[in-house]
Amino acid sequence: AATLDDVKARGKLNCGVATGVPGFAAPNASGEWEGFDVAVCRAVAAAVLGDATAVEFVPTTGKTRFTALASGEIDMLARNTTWTFSRDTDLKFTFVGVNYYDGQGFMVPKALGVSSAKELDGATVCIQTGTTTELNLADFFRVNNISYEPVPIETNAEAQQQYLAGACDVYTTDASGLAATRSTFENAADHVILPEIISKEPLGPLVRHGDDEWGDIVRWSLNAMIAAEEYGVTSANVGEMSAAAGDNPEVNRLLGTEDNLGAMIGLDAGWAKNIIMSVGNYGEVFESNIGAATPIGLSRGLNAQWTDGGLLYAPPFR
Amino acid sequence: MATVTDPPKAAFRLSMLIYDTRYRSMTIQVVALIGFLLLVGFLISNTAQNLATSGKTVSFDFLSKPAGYDINQTLIEYNNQNSHLRAAFIGLLNTLLVAVLGCATATVLGVIIGVLRLSPNWLIGRLMTVYVEMFRNVPVLLWIVFAMAVLIETLPPPSAFRGDEPAATMKVFDTVAITNRGVYIPEPLFSRSLGDIHLFGQSALNFDVSIDLLLIVAAVVGGILGARFIKRRADRIQEATGLRPTTWYLRLASFVLPVLIVLIALGFHLGYPALQGFNFQDGTYLRNSLIALWLALSLYTAAFIAENVRAGILAISSGQTEAAGALGLRPKRIMSLVILPQALRVIIPPLISQYLNLTKNSSLAIAVGYMDLTGTLMGITLNQTGKELETLLLGMLIYLIISLSISALMNWYNNRVKLVER
Amino acid sequence: MSNLHADTVAFVRETMLPQKEPPASTVGIMGWGKKNLFTGPFNTIVTVLCSAFVAYVLWMLIPWFFAPTWNATSLGECREMLAAAGRVGDHGTFGACWGVIRERWIQLLFGFYPAELYWRPIAAFLLLFVALAPVLFADKVPGKLLIFTAIYPFLFPWLLWGGTIWSPICAALGFVILWAVVKYGSEAIGQLGAIIVAVIAALVWWLFLSGYVQDALVSVMPLAIETVASRDFGGMMLSITIGVVAIACSLPLGIILALGRRSDLLIVKALCVGFIEFIRGVPLITLLFVASTLLNIFLPPGTNFDIILRVIIMATLFSAAYMAEVIRGGLAALPKGQYEGADSLGLDYWQAQRLIIMPQALKISIPGIVSTFIGLFKDTTLVSVIGLLDPLGLSNSIRADQSWNGVVWELYGFIAVLFFIFCFGMSRYSMYLERRLKTDHH
Amino acid sequence: MSDISEVVAEREIDRSKMQVSDEVAIEINKMNKWYGTFHVLRDIDLTVYRGERIVIAGPSGSGKSTLIRCINRLEEHQEGQIIVDGTELTSDLKNIDKIRSEVGMCFQHFNLFPHLTILENCTLAPIWVRKVPKKEAEATAMHFLEKVKIPEQADKYPGQLSGGQQQRVAIARSLCMKPRIMLFDEPTSALDPEMIKEVLDTMIELAEEGMTMICVTHEMGFARQVANRVIFMDAGQIVEQNEPEEFFNNPKSERTKLFLSQILGH
Amino acid sequence: MSDISEVVAEREIDRSKMQVSDEVAIEINKMNKWYGTFHVLRDIDLTVYRGERIVIAGPSGSGKSTLIRCINRLEEHQEGQIIVDGTELTSDLKNIDKIRSEVGMCFQHFNLFPHLTILENCTLAPIWVRKVPKKEAEATAMHFLEKVKIPEQADKYPGQLSGGQQQRVAIARSLCMKPRIMLFDEPTSALDPEMIKEVLDTMIELAEEGMTMICVTHEMGFARQVANRVIFMDAGQIVEQNEPEEFFNNPKSERTKLFLSQILGH
């Protein structure tokens, strides 16, 4: 019941991440995990334990992630996982929000001369098993009445290997994952991501049913990052802004200089400050891991703040 | 002389539960049973409690829901709107397919290698020893992923066959395409096909059986019976006259002719694979996942079988060969009349347990994405439905049934061929 | 008598003939070759073909193997180095990329175990041999070492996982309680009663009391070494840990199961047979799935223990079933007279088992135990399927690293060689044992 | 066989010490035993007094081994009573343990423990069953090993001894438990002729010391010289019993005659 | 051993039938054989006439078995000639087949085929090598089984027979091929004394019928009574050969004397 107590007692957060998707979750040369999803884990650790490095990362595949979460092996899962009805209800998980609005795309070698997914009749498609994309793929080809040959695969790295070797013509997964994978190719320019996005893939962190307090903590840790960007709180200025109450009451409440929201979720007042200080706000995390300046080069698109015409919209801190 | 009174008809005392051999065994059994029941009860109550907290219920309803996912290799009709049960059935068939293929190849390879290891040719004996040690001492999973890597990394993709000056060409008179997705070989087609028989109506496990196939099987069986008849006749002639007629060509004919006739009657011809679009079309497609698994399992198991075969042959003392030789029997006859009948008794029991191991090892299919029972029922179905308990228990039950059937076969054989001893 | 020729052939040799050299064609390299390689045309052809095959394989492998890529830091760099060395073939550069091994071999051996603590697993495995010595070389090693063998099962996890010294001591205390109750309780309540009470007492100790006692002891005298989390275990070390712990634990379990299977108590026998046949009938991988997904459902709500421990439990149950069969074979090989001899002297069941039957049955079973161990050790690679980082699992995550994406042969080859060395060594050892046991007269 | 009886005869046997007392050592009343549905022992009645040396003979399969194994409770009987030293053999474990430590047994195939030295073989039971300190147990063991004339073999393993030596160790091993009754089941039938003598000598010595003995054997020389009663069994029943002289010279039953003619014939 | 010669002596042996003819059955000329560099057989010269009964004796490792195995081409020789029944043994397969069906062989360990019944053991070679109809082969087999006195065992398996019976089956099996020469390699050394007699009886009967026999054996009783020549081998060479009486009573060579003193000593 009390995941929070467990985590505190353990002094570490067990966080499920992908086995390796560049930019989202991958260990760097010195073995530290880095990436956009990893940042969510670190944020929660910063909020709960005050230490963004107090995380035990558990690499999971599309297939193993849910059992890892359900069995309690991990406290939360931050692994480009799509929020769906059945996962939320039938699989008994709580999605606490969306950290990346995505959709399923296709990547093919340029040499094939394919310009639309509808032209893929008879193609061999690499697909990660146990994912929504596997089901979407089946639906897409059935609806369009064309055939394909699925090659089931466990991890992104394997998919990449098979795709590059030509064992499949197409690789399909979340468009962000495709971009990330392509960015590591020697000749990225030889591969195109087709324009069709065949599904909605709202990706977000999730926790088990049955511990709402813990769900709240993860949910508001994510929201804190989003809100911080909206209000212009960055890792650079958070120290200064949290030193004393400022004139934006919402920011004050966020940073714990006014009211004590932290206490309501069983954390100390500086919880959000810790997040932003050690991890950064949503925008910073995005830019440093997957943004336009990185090899992955994703634009904000739907993931811009609502104020910029995107879908990101943190509920008020009140 | 001390008189002996009547035996003290001791009334039952509690201590007899522990000290009296008659009751003691009962006590132990009852304690064991209680312990076992407690354990089971403990597990069940935990499970119930855990399921209740996570809000799940145990039910097998999901089996009739649409699976939603596609499977690349299906021996019988399947699409993603079929039920999870059918998907599991497809997986089971795939498991059985690779198990049967693997056992057959492993046996052939194992026997050859085992015999060659005893070869008087030093070099070949050594090579086979290297083979056996190499495969026995490295995990089978490593061999499976290794085989898959070899296929993917060293063979050309279908796209290499494209263009005016393709980087790769088809083999064997342009009828076989070897690609890193798999191997395409000509497929048998029947211009006067007799259609299919549909079995099990509308149930989830329904499937079609090709009448053509049944006919061919019937012809093969007929051929075997015919060959046996010819052999029996040869036996009879030999018994009567002492001379054994040469019958190999008759037996060959009785094998081949019926099948040939059926094939011609059905209008048999081959369909050749041809590059069309992204892939080769037509032809029989052996996916690389199947090939890798099949190859690795057979090579690995063959190493063990080779050892069994070698041990079996060595177990027949050289005295048997010498005695048979001293009677004037030719080496071929010594093998077939004296050595083999004895060696088989030694070889077959461990051989069958190797079959059992191979079948169980076929569950490593998931490492290469071969959709067997572990890949479907205990893989994707488990994952998409979140029914860990149900799918795993069902899957284990199916494996258990397969294993127990194989061991039953082994026991039957053992009892049948036991050598008569004093 | 009509022995016509006897007198004509009467013969006595005056001088004995000396040894003669055999005809030149039958000895030396020539003779050997003629006998082993070139007997008849068919064999000659086979020999030539085989040599050609070996030569071809070596001709392909050796240049690949000797590639100047030891210092590369990524696959790309490897390719550059090979290109610079002129190793360019039809399909790009040709040659191994050894940089990945140089960079990761430590990881393949130790996983993410803290580098400064490597001495602990190394010590643990070296001590393993010391602990095994009195068992394996009973004739050459002083029996006093057996005490160390008894301590070792508690020392081993402590060295690997670290933490307070009190936890292994408390765990061991449970066994001491078990033993003490059996020893001193037998007088009062009979042996069967004592065993039942002892098991209950030990369980009570482990489940309820030892935690408090341990905490108390820690607060009084905090003796501890640095804790290492299971997550950090990986590579060969993980395989060996799982293998060694599972075999060690499965041995007593296997003995009990084997005794149960041979017992004439119907229920006990049925339970043991059921367990053994069940475990042997399902693939190990399904048991690992159970470990990773179901074990938590089966255990009391809130218990949440380490995946490695769960895997070890499953591996233990798995090898226990196989071990039981091996030991059953050993028991069956013992003549019935040994049981009767023990009975007639008045030894009770457990004394007979411990003093007479088991020492002999286990000795007979050693080759079987070793091969069970080899099997299990190889099977530890399956844990990569449930996401643990054994060498195979690590190779996947190494290949997920951008710089090494696409490296296959070198990694698999290295891992294969590691396993080969261990397994081959052990199988040779067990063959040696088998030979020794055959000639042993006592 | 005739050789052996001569061998035994060479020795002058001191029957004077072999006193039979009035005290009952073993009493068997209407004992019946079945193996499954096969009736191996039928209505056995037998009283053995302290100091008696009883030889049991009879054709193979007649139930001789089964009878003496019942006395030691290596087999369970189904009907009737067996009372050893005043304690009735029931399924009560305590009684069984008590009786087994009163009754020593030697088997045809010795059944020494091959993984223990001769000395350890002899001290094992005293240490674990009688809870005798090791030193003391070893002293006793050496005493009995000397008695069977192989003290110098104490540190060897059974596999290193000849059959006759092994059987003598087996006897010493039983004696170490200081039994009041010794049972022998064809102790010499697995031995070569030279070794038989060694073992019989040892047994004769035991008899001279007044040990109560029941011995299944076909060494008729031994029976004549040592036994004070010979029991002839057939088909699970006691067919005849008598003093040796009478038994051999003047058998009453037809079966006994037939049997004697066979075993003395060659 | 002495027992056995008595047993053989009891029987009156009809030497009159044991005629030796002038015809050469086996001729061995300067035959040499090496195992690797070990010179096992050195310059063997031996002529065996039809109807001769030759016993080969000699210490262990002297090459007796190797010699008779060479005659049957179970081993290859490297130098010299072996001519059996006029056919020289070369690596020509046809010659080998021809000779093997002329020469019967009995091994120390019988080497019966355990998966075949006694009758099948005996008919196997006639049917497959001699191409005799089954009925006829069975009739012959029964004839020889009667001769070795175990026709009633025909349908049992070798595992169900005693050692002596098995050896007699082995002899019958060889005889079914109607060989002109029989080789025996220590046919009785794996048997218990009573069984030795059975087998020797059978061999004596064979000798009486005029079979040419070469027999490696240490049954000196048999050699005295049946053999017309005893060959003593040592270190791979024939050291002495003579009629049995002369050989035993008046050995010439030192080695022979030593050997005889050893084997007749006990």
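Labels A, B, C, D and E are assigned to the chains in the order they are written; within every chain, residues are numbered from 1.
As a convention for this text, contacts are C-beta pairs under 8 Å (C-beta built on N, C-alpha and C of every residue); 3 or more make two chains touch, one makes a residue touch a chain.
Only a predicted model underlies this, so the values are computations on that prediction, with no experimental measurement involved.
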Quiz item: Which neighbours does chain B have in common with chain C?
Solution: A, D, E
Practice problem: Pick the chain whose C-alpha centre of mass, unweighted, sits closest to the average of all protein C-alpha coordinates shown. | Solution: C
Quiz item: What chain is the most remote from chain D, judged by the mean position of CA atoms in each chain?
Solution: A
Quiz item: Where is the C-beta contact count highest, in terms of which two chains?
Solution: B-C
Exercise. Just grab the chain with the largest centre-to-centre distance to chain E, centres being mean Cα coordinates.
Key: A
Practice problem: Could you say what rotation angle superposes chain D on its sequence twin chain E, using C-alpha positions and rounding to the nearest 5°? | Solution: 165
Quiz item: In whole angstrom, what separates the CA-based centres of chain A and chain B?
Solution: 43
Practice problem: Mind checking the centre-to-centre distance between chain B and chain D? Centres are C-alpha means, answer in whole Å. | Solution: 58
Practice problem: Please compute the C-alpha centroid of chain B, do the same for chain E, then give the distance between them in whole Å. | Solution: 51
Quiz item: Hey, how far is the Cα centre of chain A from the one of chain C, in Å?
Solution: 41
Exercise. Return the residues of chain E touching two or more other chains; collapse runs of consecutive numbers into ranges.
Key: none
Quiz item: Where does chain A touch two or more other chains at once, residue-wise?
Solution: 67, 70, 161
Quiz item: Residue numbers in chain B touching 2 or more other chains?
Solution: 18-19, 24, 53, 153, 366, 382, 388
Practice problem: Just spell out which pairs of chains touch, all of them. | Solution: A-B, A-C, B-C, B-D, B-E, C-D, C-E
Quiz item: For chain C, which residues count as touching chain E in their complex?
Solution: 1-7, 9-13, 16-17, 19-23, 26-27
Self-check item: Parts of chain C lying in touch with chain A, wherever the complex brings them together
Solution: 76, 112, 229, 231, 292-293, 295-297, 302, 304, 307, 386-387, 396-397, 399-403, 405-406
Quiz item: Contact residues on chain A for chain B in the complex?
Solution: 62-63, 66-67, 70, 90-92, 109, 111-112, 120-124, 129-130, 134-135, 137-139, 141-142, 148-154, 161-162, 165-169, 208-210
Quiz item: Contact residues on chain B for chain E in the complex?
Solution: 238-244, 317, 319-320, 322-330, 333, 337-338, 341-342, 345, 419-422
Self-check item: Of chain E, residues touching chain B in the complex
Solution: 72, 74, 97, 100-101, 103-105, 107, 109, 111-115, 124-125, 127-137, 156-157, 159-161, 170, 173-174, 177
